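The following pair of complexes shares a single chain, chain A, combined with chain B in the former and chain C in the latter.
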Partner chain A sequence: MDIKPSSIFMPSEDVVARVIEDELIIVPLVAGIGDSNDELYTMNETGKAIWLRLDGKKTLSDIAVELSHEFNADIDMIEHDVLGLMEELTSRKIVVGQE
Partner chain B sequence: MSLSASKYVYTKLDLHTIPGLTFAGVMESVLKKNIPFRFTAPGISMTPFIRDGDVITIEPVAIPLRRGDVVAFVNPFSEKLTVHRIINISQAGYLIKGDNISDSDGRVPFSSIIGRVACVEHCGQKVWLGIGFERIIIAWLSQHGLLPILMRRIWPLIKPLLGKWF
Partner chain C sequence: MPYVKKLQPHEFNFLHSKNILLAKIDIELTERCNNRCIHCCINQPENDEGSLLREMDTELVKRILTEAANLGCFTVKFTGGEPLLRKDFAEIYLFARRLGMQVILFTNARLITPSLAGLFAKFPPGREIEVSVYGMSSESYDVVSGCSGSFLEFRQGVDLLLQYKVPFIVKGPLLYFLKEDQEAFEAWAETIPSMDAKPGYSMNFELRSRRDDQTKNERIAKLRVTPEDTVAMFARNPYYIADMVRFCGNFIGPPGDKLFLCGAGQGSCCIDAYGHAQLCLPMRRTDTVIDLNKISLKKAIEESFPFIRETKAKNPEYLRRCARCFLKGLCEQCPAKSWVEYGTLDTPIEYFCEIAHAQARFLGLLSVSESAWDVEDWKERVKRFVEINSTVG
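Coming up: the complex of A and B.
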């Protein structure tokens, strides 16, 4: 899938994610089992802020605009981060795109 | 706070750095979706049924827990994630204890139970956990402090008979 600012993503049904004590933890489900021996992931503040906005409705561009307002940061830089993260998460099947 | 241009926003988590309560929270999140959770168990408190480094699969508690079941719970006193056996059930909660230790964990309320152990693997092979009918005998022996002694004396004799299970 070509990842563009107009793309829309949401968390895959094959992961369970939860914020615990301010830390986002993602558990990929392998063969229907949450297997911590396989891979658990966390994200830094940037990744968490992006992840929490992946609702299957907002475009990546919308998310970048929101974050640039919230954190008073350069929108181009944020959009670059958002697209980069989506590429990484898509390749690991952690998120799915909405066509 | 401001966002940085950090590229590496997504990193693999080192399990050894996760506090017990956080790990319990992760497990609870998975089980709440009616999905089993698998992890490597540290410690010897459930030896010989669960040995250090064995892989445990925890399932959601779908039916009432029974005496002798092995459960994952957050110990309300120590606040540690623990996997031990129910040795007695009363209105006050579950009396839970490790098979290989002398002191119980005390009465644990149902709300502290995260899930039930469904299976244990040692070096990739499923092992006998003692959660069939024999769980009642194991729980009774454990409650009366006889299990560790019995296991130390009898285990070397019965282990060869169990063959592939251990």
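Coming up: the complex of A and C.
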């Protein structure tokens, strides 16, 4: 699936996200996510802020607008971050796109 | 800029930080076992009705897991007995994984089926399965397990794990009549893809955890490795001296009358097969366990455990010896093991005392005739030991 501002994504059912000590941890549930089966993933603050908005309803553009208001940041820069994160997450099969 | 970072295992430390009320939980799913190992401290017969009736039901296990996850718990160990005896094991396993927990499974592998191996392959536990091995042939294995045909079932189970590429490691008891198997065991262990070190051995076997079988206790005591052979096994580790340098520099010294010096119940918890929270698995004295049918896990950890940990020694013999002994830290003496051996929390355990003294003599911290609790210049001795050996390893 192409990653565009109009795309909608949500967390894959094959991962569990946990927040432990303010750290967002992504725990793969099934084999095939990541390089080995004992890996965990965490995200930086930007990634975490975006992840928490992936609900399968908002477009990536919607998320970028929300974040630019919340953090008073440049919308183009935020959108760049959102698209960049989706590329990383889709390459690891941590998110799925909604058609 | 990468937004997603893959965590390496050494970076998992924050998952066990002091701010997390419960980082790790051990759950004994059953005391029943399909083996009857001669050295086992807990096993009940596979179909023991009394145990079956009292075991936690599926909903209680799930409730405890959910509470644990809400407290920050990241790792659950399923142990027993033989945890795969539980008919609801697959359900409990998936429930734990869907809470985002990594699972450590202790098993003899006899009950691994294609279905279970497939489950572990599809939903990996996140940690290697730990398989206990009791011999390398039917002649040895079946004698230890007390069950005819158990070796063949164990090999079938392990072969399924290999076939489905489920990572596992192996370990075993160090029994004198398994000595001939040891070389074959270690050679076979080297062929297992996920083994990156020699297998671990249990050798200072614990007596019956519930103090329920004096005859078996006498047999277990005879099977225990001698203090001298224990030290010989430690010394096989090429990093033993370097490890002791680090350890002695930081953790050795007389404890006084404080009994609970380990981390039991601090960030960790054990649950017995009947829903009781314990500071550690051997600590089963009835006034130190908390019934989770009546009290929440959070309350047990926040209120009950700290209260128990404040217990002080009163036994004059303990105060004369263990309280003054600088080998505390090296010695396995603890209130749980004292209870298992003697029914009290503060009785010196001769076997562990001998092992600690044998270690100290091997390391040059004690002469043959000395008792560590009478040594006054222990700080100087430890400093000298650290200085002499600091370049080792």
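One rule holds for everything that comes next: the second predicted complex is superposed on the first by the 92 of 99 C-alpha atoms of A that agree within 3 Å, B and C clash if a C-alpha of one lies under 4 Å from a C-alpha of the other, contacts with A are read in each partner's own complex, and residues count from 1 in each chain.
The rule is simple: a contact is a pair of C-beta atoms (placed from the backbone, for glycine too) under 8 Å apart; a residue touches a chain by one contact, two chains touch by 3 or more.
For clarity, every value in this text was computed on a predicted model and none was experimentally measured.
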item: Partners on chain A (chain B, chain C) - clash or fit; value: clash
item: Which of chain B and chain C A:Val27 touches, first, second, both or neither; value: both
item: Partner chain in contact with A:Leu67 - chain B first, chain C second, else both or neither; value: first
item: Partner chain in contact with A:Asp55 - chain B first, chain C second, else both or neither; value: neither
item: Which superposed partner A:Gly47 touches (first chain B, second chain C, both, neither); value: both
item: Which of chain B and chain C A:Ile78 touches, first, second, both or neither; value: first
item: Partner chain in contact with A:Glu39 - chain B first, chain C second, else both or neither; value: both
item: Partner chain(s) touched by A:Glu88 [first = chain B, second = chain C, both, neither]; value: both
item: Intersection of the chain A residues that touch chain B with those that touch chain C; value: 16-18, 20-21, 23, 25, 27, 29, 34-35, 37, 39-44, 46-47, 50, 81, 84-85, 88-89
item: In the complex with chain A, residue positions of chain B that touch it; value: 1-13, 15, 18-19, 21-23, 25-27, 29-30, 33, 35-40, 55, 57
item: Chain A residues within the chain B interface of the complex; value: 16-18, 20-21, 23, 25, 27, 29, 32-37, 39-47, 49-50, 67, 71-73, 77-78, 80-81, 84-85, 88-89
item: Interface residues, chain A side, partner chain C - complex; value: 16-18, 20-21, 23, 25-31, 34-35, 37-44, 46-47, 50, 81, 84-85, 88-89, 92, 94
item: Complex interface listing, chain C residues touching chain A; value: 1-7, 9, 12, 14-15, 17, 19-20, 69, 72, 74, 97-102, 121-124, 126-128, 167
